[in-house]
Structure formats: structure tokens, C-alpha cells
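In the part that follows, the structures are each spelled out as C-alpha cells.
Look at the two complexes coming up: subunit A is in both, with subunit B in one and subunit C in the other.
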Partner chain A sequence: MDSFVLLKKTLPTFIEKLSDEYDVFAPTRKDNIFEYKLISKPSDINLDFVNSRLPPKSILLQQTETLFKFKPGRKGKILPKEISEDKKIIFAIRPCDAKSFSILDTVFDSDFKDPLYLSKRENSVLIGLSCNNPGVNCFCTSFGDSPTSSKFVDILFTDIGEKFFVETISDKGKKLVEKITDLFEKATEEDKNLKDSAEKEAIDTIKRNMKLEGVVEKLDEIFESQLWHSIAMKCIGCGTCTFLCPTCHCFDMQDEATLKEGARIRVWDSCMYSEYTMHASGHNPRPARMNRVRNRVYHKFSYFPKNSEYTACTGCGRCIEFCPVNIDIIDVIAKVREVKV
Partner chain B sequence: MTENPYQPWIVTIDEIRNEVIGERAIKTFKLVFQDEEVKKNFTFLPGQCIMVSLFGSGECFFAISSSPTQKGYIEASVMKLGKVTSALHECEVGDTLGVRGPYGNHFDVDGWKNKNLLFIGGGIGQAPLRALINYAIDNREKYNKLDIIYGARTTGDLCYKEELADLEKREDSDVHLSIDVEEEGWNHYVGFVPDNLTRFDPSPENTIAITCGPPIMIKFVMQNLLKLGFSEDQIFTTLEMRMKCGIGFCGRCNIGNLYVCKDGPVFSYNQLKNLQGDM
Partner chain C sequence: MVNQEQLVDAVKKTVSREDVKYVVGYEKGTYGCEVTPSFAHSSEEAEKFIFTPLCVHNLAIYPKLEEKLPLGRDEKEDTRKIGLVVKGCDSRAVVQIIQEKGLKREDVVLIGIPCTGVVNPKKLKSRYPNYAEIVEIEEKDSSFSIKFNEENHTIPKEELLFDACINCEYPNPPIYDILIGEEIKSTNKETYEKVKVVESKSQKEKWAYWEEHFQRCIRCYACRDACPLCYCKECMVDQLDPRWVRRSVNLSENTAWNIMRALHLAGRCVGCSECERVCPMDIPLTELNKKLEKNIMEIYDYIPGISEEAKPLLGTFKPDDPEEFIL
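And now, the complex of A and B:
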């Protein structure tokens, strides 16, 4: 890992240089909502944010995406889709959201490979921005991560006042900085100390904590617990938690067609909806809200850890902040631990 | 597999057989890959599934109901129920569809060598069992006795009638049919499939029981098999769920931490017993 500094006033030049070669996605602000968007100029960027409303997963796993096109009907044929190799940069991605891509990799790069997600993933460089001021519902530290973690990014920026402390992590990140090395200065011991104190301060800001010890094993024992009914009583099944979750990846596939042309598209779906699992026969394995709430919690905190090295939660806090009926996943997991077997 | 796993191969409908007509219509579609290379290289084993597309209507997951010993084509039996299956039922011979797969695991055709095979099917649930029955008939020396317990609501709802009649005639296989409600001229069992199983009283010795049908039927068939002395590792079923991708990405077909599309669809009673999840 190499450390540099970039003067804040040099950031626009840096972004312009990147834009020569890459599509640059960065936080932008509209009213009070931040969103990662393809930017056309450095001044589109606004870094005065805790995190974006919608996670940047939407850049690699688009909400709606064409899988291939076809000529519709009973004499149909396929018009193959070219997989895009466009190079992307996600600038100022938060460490928790960067982690979500490592979690999603375990889904889309497993027994089968999803070339649509994976080609975008391979052609993307993640430039992280440490959270100097984590939000009230942030709890990434519960997963052993840090608001200034460099583990899941290619390059990490940390705001240290007049400059950014820049760490190049992966080969991808190193190569990128090498090409425009004249914009950077070598970091001094003092810069490093400033980063360390920013990290310490940020960690101290995080007040919420999810205790995960024994949760996978406990969930095995409480599938039939009354707890799921009581949590589901509150839930209105709106699906906000799933749409805003950086690790939720479930999708629907639909044919959109006129008489002459059509496309098979995938579109984000939500396990919180009853149609999601409804069979054509009318049988539904998850007919009640209880089944769906329970499945969501199990998918993240039991099935994912059983099938991969990750819990499918990064502690970003979006589902807590935006749940219209205040279901709090930290509270749910605390209750799981409290249930008497 | 094509590079884009969502993109199917094109097949031509070579033949359509009406298995059941009326409200709960079932048709068997015989499908031939248009690309000669794909036709030659598409291999599967009984129990595996395919995604069938009608472009513009959508895609559904079906068990392959033919046996890999039936060369040059694959078959899928489709009940007319939802949007895609209703549109499929409008198709004619010569029309083109998309097929991708094969997906999922399969029946343990080699591990069950020299065993008696007991099939317990209900309605359209006979489709995946038919793949294995035909496979066993074509590899007859590999297996011992074949018993087929099969039932439907009415005589009109029974699939594969001609093939079942042929199996009945053979000396090395027996067929035990049932319908739910009495009909004139019916000289087989009247009642539900799990009861017909108990009445038949098969010996568990050296036998593998394979069941498929509506979820409620599977549940009672398994209970009755246990009562008949079958051990938990002698009982197998093949399951279905609503599916979109068929390859473990889209999320909806899980039972516990397993996906029916890629970890199933064939499960032993042992596996299911230890699996907590919504079925």
C-alpha cells in the first residue's frame, strides 16, 4: 500500500483526468437526496454527505437491465446482447457500500457466472471515501469493518482538512494513480497521523452496535418462534428495506415486447412482496408477511453466512433510517439473541 | 452454455401431444434444437430441468419429462395455468421457442443400480418421474422391479396414458392407478395417491421411493412411506418453486439456504427433514 496526498483544490483536475478514460460516477445532490450519478464535470460532485439514499449497487446491478433482445412471437429469434466493457469509476464510494460488491460477487460469481454484473465489476475502479462523520444509524464496526476501511476499495481517500490522504490498495488502484502521479505528493508522517486521528474520531462517533456472536446458530433454533409474527405485525411490506439495501440482489425477469421487437429484462424485485414466490397454481410458500420478514432476516444472517464468508449486511443503516414503521434490524437481531429456546 | 447464461438456444416444436384436455389442460412439447452442435452436445440426466421461453410472453422452469436415452430431442409437459403456459398452449408444431439448461441436480441413476424403483406421482407431478421411468425401461438390466403408483383427480387428468398402458403390459413393471372420485367404468383404485400407496403396501427392501406431485400429496406420501418402513434415505422427491433465473441469482426459490434451481430439484427426505424453510 502506498500513501499520497491530493490537495483538495486539485480534485477537479484529478476528476477531469479520470473522465478522459472512464465513466465517472460520483455523489451528486438533488434537494436533500444524494445519488451516485454519471457526472459530466467535476462541479457536479457534492461530497457534503453521509451516504447516498440509493446504494451505488445500482451502477453494477442496474435496477432495470436488458438481458438480450428478440423478435417476439411463435417464430421468435434472439438478437444477442453485447456485453459492455465500458470502464467505470465509482468515486467517493463509502467503505460499507464497497464491501457490498464483495458480498454480491459471491452471488454472481459462483456456480454460474453473470457476465452482465461481472464485466461491469471487472471494469470498475472503486475509489473509496472514508466516513469522517458516520450517520446515527451506521454500524459497520459491528462487522469488524471501519468507516475508513480500505479493504474493499481500490483506492481510499480520507479527508484530512486541506487535502485528501490517498491510499492505493489494489493493482488496479496503483496503476490508476501511476498514470497521473504528478497530481499527487508523497504523504508525510503528519498526514498519516491526521488520517489515523480521523479514523479514531469516526469510530468513536459510531454508537450503534449489532452483536452477531452466535446469531447463525441461534437462528437455526428459532425458525418457529413467535418473534417473527410480532416483527411482521409492524411491517407494511413496502419493500423499502430491500430496494435500499446494498446487498439485496433479487430480481424479476420479464419480457417487454411490441409486435415487432422485444427484450428480456431483469428488474429489481423484493422478497417482501407476496407475488415474489407465488406459484401459478396459487400455492405460495411464503403466503404471510411473517414468512417474508423471516426469510429476509434469515437470508442475510443465516443463509448468506452458511453459503459464503459474509453476512449480507454491511451496517450502512439505510433500512433502519428509511423504514416507514421503524423496524430496526439491530433491534431484530438483539431480539433474536434474547429469544429463549 | 452460451456466454450469456440468460440467453437461450432456439428449439423447434417437433410434436405436441395432448395429455389432458379441458380446464387443467396438459400438453407435452417435443423440442428439437435448431443448432446441430447444441443438439449433439446437450446432455442431461433424469430429474434435471430446463427454462423454456416463448419470446414476448416469458420464461418458465420445467422438468425435462423425456429420458436422455430418447436421442435427438427433449420433452417438457406443461399444464396451462399462468401467462406463459397459457401462451405455450397456443403454440403449434413448427413454432420456435427458447431453451436453456439443463439445470439442477438429478436422480442418482447410478447409485440406484440393482434397486427396486417405486414411483409415486400425482397429476402433472408425473413429468419428472416419467424421465426416470423411461430411462429405467431403456436401461432395464440396471434396475430390479419398477412399480408406478400414479393418480389424478379424474381419468381425464391422467397424463401419459398410452405409456402407462404399455408399462402395465410389461412383466417387469406394475402400474397402480387411482382417481380421486368414482367414475363409471373405472376398475382401479378410487381415492388419494397416499392412500393408494398404503393399500399397495410395497416392501421397503432394496427399494428407492421417488415421489412428485402437489406439495400436500408429497407430504402425505412421505409420511406413509415412513409408516411402511422406508428409511429416510430411501425416500426422494423433486420440488418446484417459482423461478426466474434458474441459476441461483434471482433469489426466490430458496428453501432455507438451498436454492431449488441449483441445489435441487431432487432432495432426499433426509435433506428436507433437516432443512428449515418455507415450502
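And now, the complex of A and C:
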């Protein structure tokens, strides 16, 4: 890992240089909503944010994506889709959201290698931005991560006042900085100290904490608990928690066609919908909201840690913040631990 | 302010009735200004019930949300009543559902609360973005007193209320079984200010305005799920054959969804603003609903959900109904 500093006033030049070779996605603001968007100029960027409303998973796993096109009818044929190799930069991604890509990799880079996700993933460079002011519902530290973690990014930026403290982590990151090395200066010991104190301050800001010890084992024992009924009673079954979740990745596939042309698309789906598990026969293996609420918790906190090295939650807090009825995942896990077997 | 003791007593009395399954009300949430729906199956569980200006949720969704799973061989359907804590607009939603025969009056026991307006959490959060401790809030005449970080802040009510609450003409529940406190005499008059702003735009500008909002929609359907009047067994957007709205999330399909949602609520929407509150993408859905409310009032002199005896607007016909708008 090498450390540099980049003067804040040099940031626009840095972004412009990147734009020559890459599609740069960065946080932009519209009213109260921050969103990662393809930017056309450095001034589109707004870094005055806690986190984006929709997670940046929407860049690698777009909400609606065409798998291939076709011509319907007797003389119909499939028109395969060319997989784009466009190089992307996701600038100012938060460490929690960067981690979500490593979690998504375990899904899309497993038995079946998903070409659409993986081509985008391989062609993306993640430039992280440390979270100096975590939000009210942030709890990444509960997973052993930090708001200034560099573990899942290629390059990490940390705001240290007049400058960004820049750490190059992966080979991808190092190569990128090498090409424009004249924009950077070597970091001094003082810069490093400023980063360390920013990290300490950020960690101290985090007020909420999820205790995870024993949760995987406990969940094995309480599948039939009344707890799931009581949570599901207030759940209104909207998919907000899953749509805003950086690790939720379920999608539906549909053929959408006119008489002349059609496309097979995939589009985000949500396990909170009854239709999600509806069989063609009319049988629904998760018939009630209880089954669906329970599945969301088990998928993230039981099935995932059993099958990979991760819990499928990064502590970004979006589902807590935007649940219309205050179903709070930190509270749910606390209640799981309290249930008497 | 609602008398806490009186509320808890009323809930206890209701939940103790043999013909009542449970009562739905509010309890403190897990952080900040959050309040969460609460279900009391017993008198003990009624103790945690509260009513504050943060009790935003329209609990009238819950009777229709209750799932009726297939019964076992010896099981009988539980037909007992559901108790609901209702504000003015919540009670209007119940009236509207009863009019439409979605519920029977005897299915519910209503604990009515004359409401002086509830706080829009989005407005509160934008003022105090970073809090985890429970925020305490009290209503004092025309302002809210908020205790936050050990400090008391006084904020004029209209800066925090939902837009729909500021000029709410129906603060009292039109139907109830028990009323907490006294009915409020309201002199409010809905002025449709925001609707008029959009109305004054040219057709092109109107499209541009709504397109900008609709293109953000992620079609999570939280607006539908939080709406007490959206209780179709199967929503048109979930139907696959025929497919009224495609699953693709793009401006065209999003527009179709949002317009159809609004139109399906014409003459039915009671203006509680729940759709707008729960929208994760901040689409100003109330403006659409209010526009339809205004048109319907002007054309048919009809206000949804204020009288149990009235017939639903779309279920009635009068030979002298105006029809100037028919092309």
C-alpha cells in the first residue's frame, strides 16, 4: 500500500484525466437525493453526502438490464447482446458499499459466472471515500469494518481538510495512480496522522451497534419462533428494504415484446413480494408475510454466513432509515438474541 | 395533546372485550423520531401505547393487510374485531373502505383521536440529520417543542407538519367508538396551493415536471402498500396476463404506474399522504392525489370518506352529472 495526497483543488483535474479513459460514476445531488451517476464534468460531483439513496449496486447490477433481444414469430431469431467492456470508475464509493460488491461476487461469480455482472465488475475501479461523518443508522463497525476501511476498494480517499489522503490498495489502483502520478504528492507522517484521527473520529460517531455473536447458531433454533409473526404483523410488504439494500441481488426475468421486436430483460425483484415465490401451479411456498420477513433475515444472517465468508449486511443503514414502519434490522437481531429457546 | 392515560385506558378496555382480537396503535420506535405500529393482544401490551405528533402511520391499512391462511381441519376462522387507533384521515379511510364494502363497520372498533396534525419525518430529519437517541416532541399551541441533545428547540408547527395537515379540514374522525379528548373545531380551508402552482404551468412544463419525478421511481410500490385504499387482492401491476404495465423500470412504464395509481384513487383518496411519506425516492405523490381531489370536488362536489351513508363516487350516477370534460 502506497500513500499519497491530492490537493482538493486538483480533484477536478484528476477526474478529468480519469474521464479520458473511463466512464466515471460519482455522487450527484438532486434535491435531497444523492445518486451515483455517470458524470460529464467534475462539477457534477457533490461529496457533501452521508450515502447515496440507492446503493451503487445499481451500476453493476442495473435495475433493468437487457439480456438479449429477439425477433418474435415464425421466422424469429435471437439477437445476442454484446457484452460491453467499457471501463468504469466508481468514485467516492463508501467502504460499506464497496464491501457489498465483494458480497455480490460470491453470488455472481460462483457456479454460474454471470457475464453481465462480471464484465462490469472486472472493468471497474473502485475509488473509495472514507466516511468521515457516518449517519445515524450506520453500523459497519459491527461487522469488524471501519468507515475508513480500504479492504474492498482499489484506491481509498480520505478527506483530511485541504487535501485527500490517498491510499493505493490493489494493483488496479496502483496502475491507475502511476499513470497520473504528477497530480499526487507523497504523503507525510503528518498526513497519515490526520487520516488516523479522522478514522478515530468517524468510528466514535457511530452510535448504533449490532451484536452478532451466536446469531447464526441461534437462528438455527428459532425458525418457528413467534418473533417472526410479531415482526411480520407490522410489515406492510413493500420492497423498500430490499431495493435499497446494497447486497440484495434477486432479479426476475421477463420477455417484453411487441409484434416486431422483443427483449429478455432482468429486473430487480424482491423477496418481500408474495409473487416472488408464487409457483405456476398457484402454490406459494412462502404464503404469508411472516415467511417472507423471516426469509430476509435468514438469507442475510444465516444462509449467507454459512455459505460464504460474509454476512449479507454491510451496516449501511438504508433499510432502517427508509422502512415505513420502523422494522429495524439492529432491533430484529437484538430480539433474535433475546428469544428463549 | 392526547392524554396518555385516557388512551391506554381506552385501548385496555377495547382489548379486554371478548369480541376483539387485538388493537393496533403506536409505540415508540427504535431511534430518533421513529414511532412504530404496535399490536396489543392484552391489557399489558396496551401499556406501551402512545400518541404524539410523530404518529404518522395510517393504521387503517392493517385490517385489510391481515392474512387469512388456509385453516386446519378443526380450526375455525377468527372473526373477532380489530381495534384501531385512528386520526381524522385514518378514520376517513375506514369510512371509505366501508362504503366500498371492503370492511363492515362491525369488523373494527375505532379509538378516535382528534388530530392537530402530524410531523413529516422527512422535514424533521432534514433539520436534525444525525440523531440516534429518541427525540421527544411536544405540541404547544402553534409550535412544537423538541428535546434533542438535551436542548429544547421550539419550531413553528407549519414548518414541520405534512403539507396535507396544515390545511386539513377534517381533524376529527368522522366515525369512532371511543373518542380520546374533545372534538376540535377547525376553521381550516384547503387552498391547494401546490396544486395551483403545477396547474399554472403549460402542458409541456407539466410533463417535464412529472417526468423528472417519475424517472426516479424504482417501482418498489411502497406507495401502494402503505395506502389504506390500495387493497385490491391482486394489483394490476402484479398481473402477468394481461400485463398492463411492463416490469422494465423506465420513464414510460413508471409514468404508466404513477398515473394509474393516482387515477385508481380518484374520488377515494382521503389525503393522508402516506404514499408520499413512504416513497424512498421522494416523489411528491400528494400533489397528484390533491389535484384529483380538487377536480372531483369542483365537478361533483364530492369529498371522500366523510360520511358512512354516502355512496362511493364512482359507484353513483346522476342524470345531471356534468360532462363538459368528455371529449
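FYI, the second predicted complex is superposed on the first by the 337 of 341 C-alpha atoms of A that agree within 3 Å, B and C clash if a C-alpha of one lies under 4 Å from a C-alpha of the other, contacts with A are read in each partner's own complex, and residues count from 1 in each chain.
Heads up, the rule we're going with is that contacts are C-beta pairs under 8 Å (C-beta built on N, C-alpha and C of every residue); 3 or more make two chains touch, one makes a residue touch a chain.
Given the structure is predicted, the values throughout are model-derived calculations rather than measurements.
J.: For the combined arrangement obtained by superposing on subunit A, do subunit B and subunit C clash, or do they fit?
T.: In the arrangement built by aligning on subunit A, the partners subunit C and subunit B fit side by side.
J.: Consider the C-alpha centres of subunit B and subunit C from the C-alpha centre of subunit A, and write down the angle between them to the nearest 10 degrees.
T.: Roughly 90 degrees separate the directions to subunit B and subunit C.
J.: State whether A:N193 touches subunit B only (first), subunit C only (second), both chains, or neither.
T.: It touches nothing on subunit B or subunit C.
J.: A:Q226 in the overlay: touching subunit B, subunit C, both, or neither? Say first, second, both or neither.
T.: Once the two structures are laid over each other on A, A:Q226 reaches no partner at all.
J.: Looking at A:N209 after the superposition, I want to know if it touches subunit B, subunit C, both of them or none. Which is it: first, second, both, neither?
T.: neither
J.: In the superposed arrangement, which partner chain does A:N46 touch: subunit B (first), subunit C (second), both, or neither?
T.: Neither partner.
J.: Touching A:Q63 in the superposition: subunit B (first), subunit C (second), both, neither?
T.: Only subunit C is touched by A:Q63; subunit B is not.
J.: Is A:Q254 touching the first partner subunit B, the second partner subunit C, both, or neither of them?
T.: The answer is both, since A:Q254 touches subunit B and subunit C.
J.: Check the residue A:K81 against both partner chains and state whether it touches subunit B (first), subunit C (second), both, or neither.
T.: first
J.: In the superposed model, how near does subunit B get to subunit C, counting Cα atoms only, in Å?
T.: 6
J.: Across the two complexes, what residues of subunit A are contacted by subunit B and by subunit C?
T.: Residues 252, 254, which sit in both footprints.
J.: Along subunit A, where are the residues that touch subunit C in the complex?
T.: For this pair, the touching residues of subunit A are 30-33, 50, 53-54, 63-64, 133, 135-137, 207-208, 230, 233-234, 236-240, 243-244, 252, 254, 256, 265, 267-268, 270, 273, 275, 287-289, 320, 322, 324-328, 330-331.
J.: Quick check: in the complex, which residue numbers of subunit A touch subunit B?
T.: Result: residues 67-68, 70-78, 80-81, 83, 107-108, 110-116, 220, 223, 249-255, 257, 262, 264, 266, 269, 271, 276-281, 283, 285-286, 291, 295, 298-299, 302-303, 306-307 of subunit A touch subunit B.
J.: Using the touch rule from the top, collect the residues of subunit C that touch subunit A in their complex.
T.: Against subunit A, subunit C makes touches at 29-32, 34-39, 57, 61, 65, 67, 69, 122, 126, 129-132, 216, 218, 220-222, 224-226, 238, 246-250, 274, 277-278, 280-282.
J.: Which residues of subunit B touch subunit A in their complex?
T.: Touch residues, subunit B against subunit A: 3-8, 10, 53-59, 81-82, 85, 90-92, 95-98, 214-215, 240-242, 244-245, 247-252, 254-257, 262, 276, 278-279.
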